[in-house]
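I've put the structures underneath this note.
Both complexes shown next keep chain A, but they swap its partner, so chain B is in the first and chain C is in the second.
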Partner chain A sequence: MKTASAGTLESMDCLVTVTEAAPGSGVVIELEGSSVSRFRSAMEKTVRSTLSDLGANDVTVNVNDHGSLDVVLEARVETAVKRLRGEK
Partner chain B sequence: MNAVIENMLSRRSVRSYTDQPVEPVLLKTILDCGLYAPTGHNSQRTKIFVQQKPETIAALNVIVQRELLAHMLTENDVMASSIARAKTPNYHFMHHAGVLISVAGPRDYSNSMAECAAAVENMLLAAHSLGLGGCWINQPNWFHDVPDLRALFEPLGMRDDEVILASLCVGYTNLQTPPMPPRKDGRLICDMPL
Partner chain C sequence: MRRTMLYLPGNNPNMLVRGHLFGSDGIIMDLEDAVAMSEKDAARTMVSKFLRRGDFGSTEVTVRINGVDTEYWKKDLEAVVPHKRLDGIRLPKADSPQIIKDVDEELSRLEDKYGIEQGHIKLFCILETAYGIWHAYDVATASKRVAAILPGGEDLVADLKTSRTPEGTELEWSRRMIVIAARAAGVDAIDLMFPRVTDDEGLRKDAQFSKDLGFDGKSVIHPNQIPIIHQIFTPTEKEIEKAQRIIAAAEDAKARGLGTVSVDGRMVDIPVVKRAHYILIKAGLEKEAE
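Then we have the complex of A and B:
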């Protein structure tokens, strides 16, 4: 399975790793890091919405977050998906 | 006077903008002027990134303000006035303009700064000639390796081996252009009388 990542483990950033999944398997989101306990649902919503905009329907996404802004999480997911597709 | 020279001699930095969006055709003209700036041996390795999404600009503002306020000032620090401004209410690193244009070049190429700066100056002049205001913006250069700032440029295609070295903001202004201040003495040195 192909994997791509974007981001860092530094403060105010997140490391997003995207792994392709078999067609029809859907989106699986794994969240970890210091912000997850408070912002899990908001983070999930951001990741799902970004994946949907990119048409990434069958992927596993792991997010290790250290306080990133919502827009930064969105950007990291977008970059990781584009790298997975070989666009970057 | 030659229109190009008149444009160069009358350009001022604009630090107050209206909400009026910049028309795409004008923005495209400005960007083309950036693309036609000189590069060493016509290598054309500089890249121009345009940020207009309000949520991205707002996030960049949060990041820039956070980094300025965390910066430890040293003597004659180039960031001193920016840090003072970052402490003011309603701070906005690009003066509430709606368009940020950042020019990036190869990280390990010694001419990158000059090439990015040439592109920005071309675009500042183009904006002025089209009736728009523009201002050089240094913060994306100062903080180009801050991870979450870089994160906002990576979806546009910025690579790890590229860095932002010069930026400008562009927009409409309501301000009347003030008269140009006189040039300081002693800055022009010629080997023969002109």
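Then we have the complex of A and C:
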């Protein structure tokens, strides 16, 4: 399975790891970090809409969050997906 | 007003979120030297998202792209230009008029593509070689987009085949040249940053020297440097009060048909009045003529 990451574990950032999944398996989102309990649904929404914009339908996304804003999460997901596809 | 322009590493969310809150007149989201080669893609995406969000208050927002000698510069522009909150591009290694023309052309193409007013995006040109310094006026006049020219730091020192000294002797002539070329071309002159972030006294001296040379402001690499530079580049109450008296006296003389008048025992002629207006512009009390 191909995997790609983007981001860091620094404050206000997140480390996003995207793993390719078999066609038809859909999107699986795993969230960890101290702010997840409060912002889970907002974070999931950001990840899903970013994946949808990129046309990434069959991936597993792991987010290790350190207080990132939605704009940062979106950027990290997009970079990780593009890296997975070999786009730089 | 460009007294301070603060560099923010383009791949550092912590600084990008807070950067405009430190009170600098401008920010520079950096895609060049502050970003590792392996993270160029991540920084480009990050800066693009922040620009789209556009939450920067009244700060002048610029992005330092990678130089035209790299494979990145067109991708950088493509990522940042569509967002209308972008005011300008800080262009490294802008050492010849041809480079400015090439970037100007690409900016025009992108402005057209994304429905942005032609010429909206300004250029801030960093001259990083002896050749660039020698051709500073030609660079400053190569495009109407050029808003300011700036001396380079380490690259310029290397190109001059010298090294850094505590007094800054190695770049003194280049800095003077930038001011002369900028004034001749009618653009701003922004001085290089002061690298020793904990040396407040050194910064104060360096900023005073910049101001005395005629620079409009400095680049900044740490928020703590901002108030010190603002203090030096902002006119004092006494200077403002005197400038206002000079302008009032000159207007009074004009109304009475007199050629000259004196203030505090000094003849007030056109250059003195011009300087007085410049002080009020710097104090934010008058608007600069376009």
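Quick note on the criterion: the second predicted complex is superposed on the first by the 88 of 88 C-alpha atoms of A that agree within 3 Å, B and C clash if a C-alpha of one lies under 4 Å from a C-alpha of the other, contacts with A are read in each partner's own complex, and residues count from 1 in each chain.
By definition in this document, a residue touches a chain if its C-beta (ideal position, glycine included) is under 8 Å from a C-beta of that chain, and two chains touch if they have at least 3 such contacts.
Keep in mind that what you see is a predicted model, and the values were worked out from it rather than measured.
Contacts of A:48 after superposition: neither chain B nor chain C is touched.
After overlaying the two complexes on the shared chain, residue contacts for A:12 are found with chain B and with chain C alike.
Of the two partner chains placed by the overlay, chain B and chain C both lie in contact with A:68. Once chain A of one complex is fitted onto chain A of the other, the partner contacts of A:85 are absent, as it touches neither chain B nor chain C.
Looking at chain A, you'll find residues 6-7, 10, 12-13, 68-69, 71-72, 75-76, 78-79, 82, 88 touch chain B in one structure and chain C in the other.
Within the complex formed with chain A, the residues of chain B that make contact are 55-56, 58-59, 62-63, 66, 147-148, 151-152, 154-155, 157, 159.
Residues of chain A touching chain C in their complex: 6-7, 10-13, 68-69, 71-72, 74-76, 78-79, 82-83, 87-88. Listed in rising order, the residues of chain C touching chain A in the complex are 12-14, 17, 40-42, 45-46, 48-50, 52-53. Contact residues on chain A toward chain B in their complex (touch as defined above): 6-8, 10, 12-13, 68-72, 75-76, 78-79, 82, 88.
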